[in-house]
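By written order: A, B and C. Residues from 1 in each chain.
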Amino acid sequence: MSASVLFDAPGPRARAWTFAGNVLGAVVAIGVAVWVLIQLNAKGQLSWDLWGPVFSTRTWQYYLLPGLVNTLRAAAFAIVGSLVFGLLFGMGRLSQLAPVRWVCGVFVEFLRAVPVLLMMVFFYGLFGVLLPGVSDKAFLAVVVALILYNGSVIAELVRSGVGNLPRGQREAGLVVGLTEGQALRSIQLPQALVAMLPAMVSQIVVVLKDSALGQIIGYQELLRAGQIVYSGDGNPLQVLTAVAVVFILLNVLLTVVAHRLSKLLSSRTAAAPLEGTGIGNPTAVAGGSRV
Amino acid sequence: MNDYLSGLGSLVERYDVLGAFWTNIQLTFWGALIALVLGTVLALMRISPIASLRWVGATYVNILRNTPLTIIMTFMVMGVWTALQLQLADTFESNFFRLAVVGLAVYHAAFVCESIRSGVNTVPLGQAEAARAIGLSFLPAARLIILPQAFRGAIAPLGNTLIALLKNSTVAAAASVSWETASTMKTMIEFNPNYLWGIFAMFALGYVILVIPIGVLTTWLSQRLAVQR
Amino acid sequence: MRKHTMGLLAMAAATTLTLSACGGAEVGGESEGEETAAGGEGITIGIKYDQPGLGLQDGAEYTGFDVDVAKYVANELGYSEDQITFKETPSANREAMLQNGDVDMIFATYSITDERKEVIDFAGPYFVAGQDLLVAADNTDITGPEDLEGKNLCSVTGSTSAEKIKTDYAEGVQLLERPGYAECVTALSAGQVDAVTTDDIILAGLAAANGDGNLKVVGNPFSEENYGVGLPKGDDRCEDINAAITKMIDEGAWEDAVAANTEGTDYTPNADLNPPTPEACA
């Protein structure tokens, strides 16, 4: 699509150039790939002794799959929690009452500015003091930190989702006799939510990726499970690659779902569907041409 | 209260909290610089008419953007440095620092690329058509019409990427940069649990102070430079 | 439209509930019948998962000297083997996991030190190891900690062994910190560090499991590490644990466990210091 903005329809000479560039690019790309493989081979990193254990049932049954379950579990709790949190605080930021707006705004901006890892470390320490009897505090710390951060991101999504609606939507609501609050709840929010759905699916990508930080406070998610595997087998490069591939497949799948969703939903809302960037700052998209 | 504050103050000196923040600022600076260069190259590849380059750019972005940064950081030390024996400096301290910078850069380059691309996408087709209509060929059209507008459209997402990079610099902890903020905070809390709230408030506030100006600046810039349509 | 959104929300919530019903997965073992950490039906014991010969996760099993002692002590305290839940306690997280109640006690090559005693309690010691160095088998210039000046050393995050070398022996040593010893051994095998330091018994196990005969323990221990049982501050089971350890030593089960877990290494514990007598409880 961008190509059509930047380029005229190519003539025969431009086509020849493009073709030459295409071949050259492919040769360079393949060359780099081959060079990497040669380097890997020279360091003995392609040996089956190192790759074999990655594909064994034992590795997956006892280490990686349980780790994956823990990753998904933390992500599932975090995404539902941040949805609730995000809706509450997003509505708070759109409230008619200035103090509510203000408090929610400060809270959300604060949470968006603090690194998730710092929050995890803090909550891990805090739960130790607050919840002495509860096991699995690392899990709780991971989930709560992810909820607070991603919830504040979703709160922003809610706000910008409503802001992106054409003004006429709210005005039409007021004209038929709804109050501001009623117009927000029954006209603006539902459409904003539909527009946000793809972005929320993308936000799951962020949650999944950030759950790997749990490793640092000792939560046994997929990456930590991988570390235990390569501790035994001495093949960090291979196991890390396998773990990364699992994350990439999951996330690509989610991104595809988000994209499909945004196409599907575009007829159901007056706002343009938002797609997240996967870095957790939705304003990158919300700040597009519609603002 | 005063005892608490002075106790906290002595902790700040003992654990060199300011030095830790300085480390993260440096990580962010170098990471952002390399990510900007690499990301721009990737963006050019992705909008170029050459299919193979577009494919390489897209593959890079899809792989890097979907991998947890923690894995990339662990990979820098255990994969690149240990298994592939790539050494970036003579002393360990700067070696791990540079490995962390590279890890941050290759990850965020994917987001820089997408930011720039989204900037290009804000330019309406009519602009390019108008440019060609008045006789500008590709390069002048790109230089005078498309890119200036694309750059303005990319400011907000680039600013967001920079903020994310600053916060993500704490993940350098996974690349053995044990003197940065997250590791420092973890050690401080472990050995001084009674200062838990104070320690967290201090570090959190530090990041708020660093992040807010970047946010305000990019919002201001992107609004000031926004193309009226 | 609203109904539609709510439906999706409900679906997401349902998915979570399903997942939560499965409970957390125990990396490396079945977690069925797990109760809360403190008290109740079972007992949660912190061990290492990545130290061959001491605490190692081997598929669904846990093996090693720490594990054997832990099982014996738990048994003496009235817990059968299926009431024990093992949990990984990496070096950097041990104090926090005890303070937080994530585990009831820790058998994880946990040296008794005054600094740690300020935040947790110890029972034992049940073994005395000494800090030593692991180097490449053909390395002849490192015979003790003094030789590390200007060399590269690896140790784990949160352990004191590396700090000790830096302050007491070789100021110019360069430190790599990783979350587990096995990562250090990987770096040593790759030639990126010259030595790995920690306690001799740990190094022996690592060399036997990961070294393929290319690594050796220097054999010149320069400290005395008393492995204790980590307990939360104020725990009342210290006396019982000490009695169990004494019984284990008297019965000969201790000796059997040492022999079984150091098989295949050329390591023998320091006979002057082992087996130790547990200290009086605080």
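One rule holds in what follows: a residue touches a chain if its C-beta (ideal position, glycine included) is under 8 Å from a C-beta of that chain, and two chains touch if they have at least 3 such contacts.
Labels paired with UniProt names: A, B = Glutamate transport system permease protein; C = Glutamate transport system substrate-binding protein.
Since this is a predicted model, take the numbers as computed values, not measurements.
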| item | value |
| --- | --- |
| Reference chain A; chain at largest CA-centroid distance | C |
| Pair joined by more contacting C-beta pairs (B-C or A-C) | A-C |
| Centre-of-Cα separation between chain B and chain A, whole angstrom | 16 |
| Separation of mean Cα positions, chain C and chain A [Å, integer] | 35 |
| Of all residues in chain A, the ones touching two or more other chains | 125, 128, 215, 217, 227, 230, 236 |
| Overlap residues in chain B, where contacts from two or more other chains coincide | 78, 82-83, 85, 186, 190, 193 |
| For chain C, residues contacting two or more additional chains | 92, 96, 99, 183, 186 |
| Contact footprint of chain B on chain A as seen in their complex | 1-8, 10, 14, 18, 21-23, 25-26, 29, 39-40, 43, 45, 109-110, 112-118, 121-122, 125-126, 128-129, 205, 208-213, 215-217, 223, 227, 230, 236-237, 240-241, 243-244, 247-248, 251-252, 255, 277-281, 283-285, 287-289 |
| Chain A to chain C touching residues, read off their complex | 58, 61-63, 65-67, 69-70, 72-73, 76-77, 79-80, 83, 124-125, 127-128, 131-139, 186, 190-191, 193-194, 197, 215, 217-218, 220, 224-225, 227-228, 230-232, 234, 236, 268 |
| Chain B contact footprint on chain C (complex, rising order) | 92, 95-96, 99, 119, 152, 157, 174-178, 183, 186-187, 190-192 |
| Contact set on chain B toward chain A in their complex | 46-53, 55-56, 62-63, 65-71, 74-75, 78-79, 82-85, 111, 114-115, 117-118, 120-123, 125, 127-128, 132, 138, 141-142, 146, 153, 156-157, 160-161, 163-164, 167-168, 170-171, 173-174, 181-182, 185-186, 189-190, 193, 196, 200, 203-204, 207-208, 211-212, 215, 222, 229 |
| Chain B residues touching chain C - in the complex, by the definition given at the top | 77-78, 81-83, 85, 87, 91-93, 96, 176, 178, 186, 190-191, 193 |
